[in-house]
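Reviewing the structure listed below.
Read from first to last, the chains carry the letters A, B, C and D; within each, the first residue is number 1.
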Amino acid sequence: MQERLDRLAERAARGLARHTSRRGFLSAFGRVLTGAALVPLLPVMRGSQAQAAEHAAKAKAETTDPNSCEYWKFCAIDGFLCGCCGGSSSSCPPGTQQSPITWIGTCHNPADGRDYIMSYNDCCGKTSCGSCFCNRNEGEKPMYRLSLNNDVNWCMANDNPNYHCSVSVVLGVAGK
Amino acid sequence: MQERLDRLAERAARGLARHTSRRGFLSAFGRVLTGAALVPLLPVMRGSQAQAAEHAAKAKAETTDPNSCEYWKFCAIDGFLCGCCGGSSSSCPPGTQQSPITWIGTCHNPADGRDYIMSYNDCCGKTSCGSCFCNRNEGEKPMYRLSLNNDVNWCMANDNPNYHCSVSVVLGVAGK
Amino acid sequence: MWRSARGAWLALVMAGAANAAPPPPLQAEHLVLARLPAPSPHWLWVYDEANNNETDMRLYLYDGDSHRQLGQIDAGYYPSPAFSPDGKTTAVATTYFARGSHGARTDVVEFTDNATLSVSGEIVLPPKHAQAIPLYGAGYSADAKFLYVLSLNPAAAFTVVDLAKRAVAGEIDTDGCVLVIPSAPHRVSSLCESGRMLTVTLDDAGHEASRKLSAPFFSVDKDPIFVQGMNTASGIAFLSFLGDVYGVDLGAAEPQFAPVWATTTAAERGKWRPGGSQVGAWNSRTGRLYVPMHLGGPGSHKIGGTEVWVFDTATHRRVGRWPIDVKKYGSTQAIQVSQDDRPLLFIATDTSYLLTLDAASGRLLHAEPKMGQSPWYLFNP
Amino acid sequence: MWRSARGAWLALVMAGAANAAPPPPLQAEHLVLARLPAPSPHWLWVYDEANNNETDMRLYLYDGDSHRQLGQIDAGYYPSPAFSPDGKTTAVATTYFARGSHGARTDVVEFTDNATLSVSGEIVLPPKHAQAIPLYGAGYSADAKFLYVLSLNPAAAFTVVDLAKRAVAGEIDTDGCVLVIPSAPHRVSSLCESGRMLTVTLDDAGHEASRKLSAPFFSVDKDPIFVQGMNTASGIAFLSFLGDVYGVDLGAAEPQFAPVWATTTAAERGKWRPGGSQVGAWNSRTGRLYVPMHLGGPGSHKIGGTEVWVFDTATHRRVGRWPIDVKKYGSTQAIQVSQDDRPLLFIATDTSYLLTLDAASGRLLHAEPKMGQSPWYLFNP
């Protein structure tokens, strides 16, 4: 069942990519990846159990310092933490623009024992912030599974695609 | 006498700067700074005795490794040594262009006990080489004495003023 | 696991609920754009020369109270920043190329709105902007009518930008003299190789009305002054290689030179010297001068300080001598002091630490590591 | 003082001259432009991502025999390099902005003459160039008629550049599949999320003639393959997160998949893993495969190697296990091997060392420090 839903989501996204204009596709894609209602359709769900096991094994995730690379929300981030650049873990620094498209991760919050689906947006429009570089890859997949990949520049579709820093935004609890 | 000559050279350079076109000035200025015949007129000469004393005090100048910052020719260099960038202490790396204008220093060569007048050209047209940064300032003067200053980008007048690295070229023996 | 206040609170909640129900899940977050807090005299602009990647120089806005980076201005190749008198705008005169490090060159002044850190506009300049030390490389007139931008190619000049017309008003040849040191109403002073100061007075159109060359006030050969000047209550002050203080009053039509005084005793002179890329900081309210000093000979004028010497500029007495933990933080590369009554002293080191000190006591308040690649100059907003 | 041969010679000359006369002064030097030596299979292109200054990425040309940097190509924002079949040209597909990090965007492929390291020309691209891992981000057709450039915005595609006409021939939508893996004559293969390989065949005009999707040959969920592929004698090979080797023969119209084999024993599997930004190197002459390995669990696929494991790709036997001095040099970030019979193995570490090893014995020949800011990928010329 899950697999069928995944395939549906995949096909839908592909269809959008092929048959709509760039702007149309982007806004639709953005909705798919950040709209809470659609979250259960995302392929990321597949990995959540494996992820949880992984987390249990590590169990060292920070719950207090949101500028630490070990902070629980950053389990699949690859970039500069916006909290060290004038923003926070869920806000972009002044003068930047958020990326409408994102990659997704599932992170375990040791504070309440839940797994959360995270959206990793990039903040765009200025050059590399250079502070608090953080590279964690729990559940990260290669570029052919784009929505789980953190090696591409997610500012790629912005008017100004310069990468500045990354945030980690709670979308919701991962379904069990 | 020395002072009068200096003032002459100064006035000549100023005159050029004020009364000729940019290109004309540059080529004339280039001649002043790199043409061996005019070297004795350069204000740098004033400092040579003080320099020599300084050197005697230091006496640690390298004579063997031209990619070492301590190498005797680099006594007033501020930049990346071109020898670490595909060139040498007297050649620019492939694909770069030499600066026609330069700053000047007087360096003591422990190998023969002589002071030499050096021309510090920048090699231009590519971004910072980034290797073998070397900052030595024997006889270096602030920007208002431009021909003895190494804090400005001497690629400034090149068609492509990007600074890549610096060389140190022997112009001749400093007059005693 | 329950280390923070929030954690402890959650633990209490969980304990209170006994085994009844798990804590409510975190709500979905919404990604927003951070807003800057209200401007503070304890803000600092850190100039990162990005020495190994010079096309990508930048300014970081740093808050000396919260010890946080607040934002960044991308500044291109050899930028010269200038700050509008009302504090609302940061102007950056700089150079770009159509292909990163090559292709067509464009010199431009870009204006950043300090409330949002967004570029609000630009004015294209003649392609001669000085690629040099950024201090006094650009400056606003006191009435914000003009912006002056230093040119060097290698002829020295400055470009006058008419800010109301958003256009270049003209270019003033400075006869080899360098720096743009603005004074009211529309005067610009520069330092000359002859040890003199050139002062150009502009008319309302931004054209030259008159110029005046001062008598020599320092000796390039005996003891040159650093071009890294400091704003004072009445003008500007310079340090010499040997540590003498040259004050210049710019309140009148012609600069007035204060008596020179020494930061060193006869015994210290020539041994202890100022050095680095920014060699002094001056607080106009308290009248304190902060000079990073090191032990060194001629030619060591770019060696960073191992101590900061503090002077009362009214009495010329040294009132502090603060060692820097060089082994831990590196030596001082740049220094700045906030312009308020409870000032902070900022020091950028050659290992890219930004140190924040209480400027009254010298107490180290914070050491921020990795403050960019090459934090060589520090500006007050 | 007299350490070098030249020094010794001078000393002899001075001694020979007794106290008669001082040695002759050095002659004036003339500043010249250095020329590159003859090309060598031991040359290496080091890709510096300049992580803190990403608009200034570059390629360094390094000679593994002399251990010298020979030159540099400035490469802009997220460049994808490709090397012409005759070795004479380096093409770099990249992105520039009119104002450094802002202003109008231009995507372009720039051609550098490898004999002079000067840019010899450019072709403007649609502004969609993939900002991603540079391996297989661009590639020449075997006959150098076409250059293929990966697009991602986020729709996946590739741009076909007609090199004879010096113009864009068109764009091929790859239906979400990524990478440009060229094979003769005019085929381009890509990896798909479904674990399949898409192969597009072009006509002489550079337009799509046909496309074919293979059967799935790997499982994204169970054990994804790294996109960081390696050229082999007959095609390309990929490593999986668990260290399995997926060989693909690209000699025929459709890719042929070789039997998968493991670099780990059952006991090692899931404990020792490949990792880093470039996770394997393959020498087509000797048939040796070099894999940096580390001890780690799921999610550690970007952790650098602490050992290099060497395999005979004909027998699949491990023939070497070379520890890296991680404490001294850092862990392996990228790896490459020269394509000759006496190959050198190159390793870039996470502390920016470039190590040169004898690829037969594993002996460390040279450790070059400070090889750029972020040397994350290594290319053979």
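Worth pointing out:
By our rule, a residue touches a chain if its C-beta (ideal position, glycine included) is under 8 Å from a C-beta of that chain, and two chains touch if they have at least 3 such contacts.
Here the structure is a predicted model, which is why all the values come from computation and not from measurement.
Looking at the partners of subunit C and subunit D together, the chains they share are A, B.
Of all chains, the one whose mean C-alpha position sits at the greatest distance from that of subunit D is C. One finds 28 Å separating the Cα centroids of subunit B and subunit C.
Chain geometry summary: the mean Cα position of subunit A and that of subunit C are 38 Å apart. Look at where the CA atoms of subunit A average out and do the same for subunit B: the two points lie 52 Å apart.
Multi-chain contact residues of subunit B (touching two or more other chains): 126-128, 130. Within subunit D, residues 52-53, 55-56, 74, 77, 100-102, 119, 373 each touch two or more of the remaining chains.
Contacts between chains form some other arrangement here, matching none of path, ring, star or all-to-all. Chain pairs that touch one another are A-C, A-D, B-C, B-D, C-D.
Those residues of subunit D whose C-beta lies close enough to touch subunit C in the complex are 50, 52-53, 55-56, 74-77, 96, 98-103, 106, 108, 110, 119, 122, 373. Interface of subunit B with subunit D (complex): residues 36, 63-65, 82, 84-88, 90-98, 109-114, 116, 119, 121, 126-131, 164, 167, 169-173. On the side of subunit C, the complex with subunit A involves touching residues 1-4, 6-7, 10, 22-23, 25-36, 56, 58, 61, 68-74, 112, 116-118, 370, 372-373. Subunit A contributes residues 10, 13-14, 17-18, 22, 25-26, 29, 46-47, 50, 54, 57, 75-76, 78, 101, 125-128, 130, 133, 135-146, 151-153, 155-157, 160-163 to its touches with subunit D in the complex.
Residue ranges of subunit D in contact with subunit A, taken from their complex: 51-55, 77-78, 95, 97, 100-102, 105, 130-133, 152-156, 173, 175-179, 191-193, 220-221, 224-227, 297-302.
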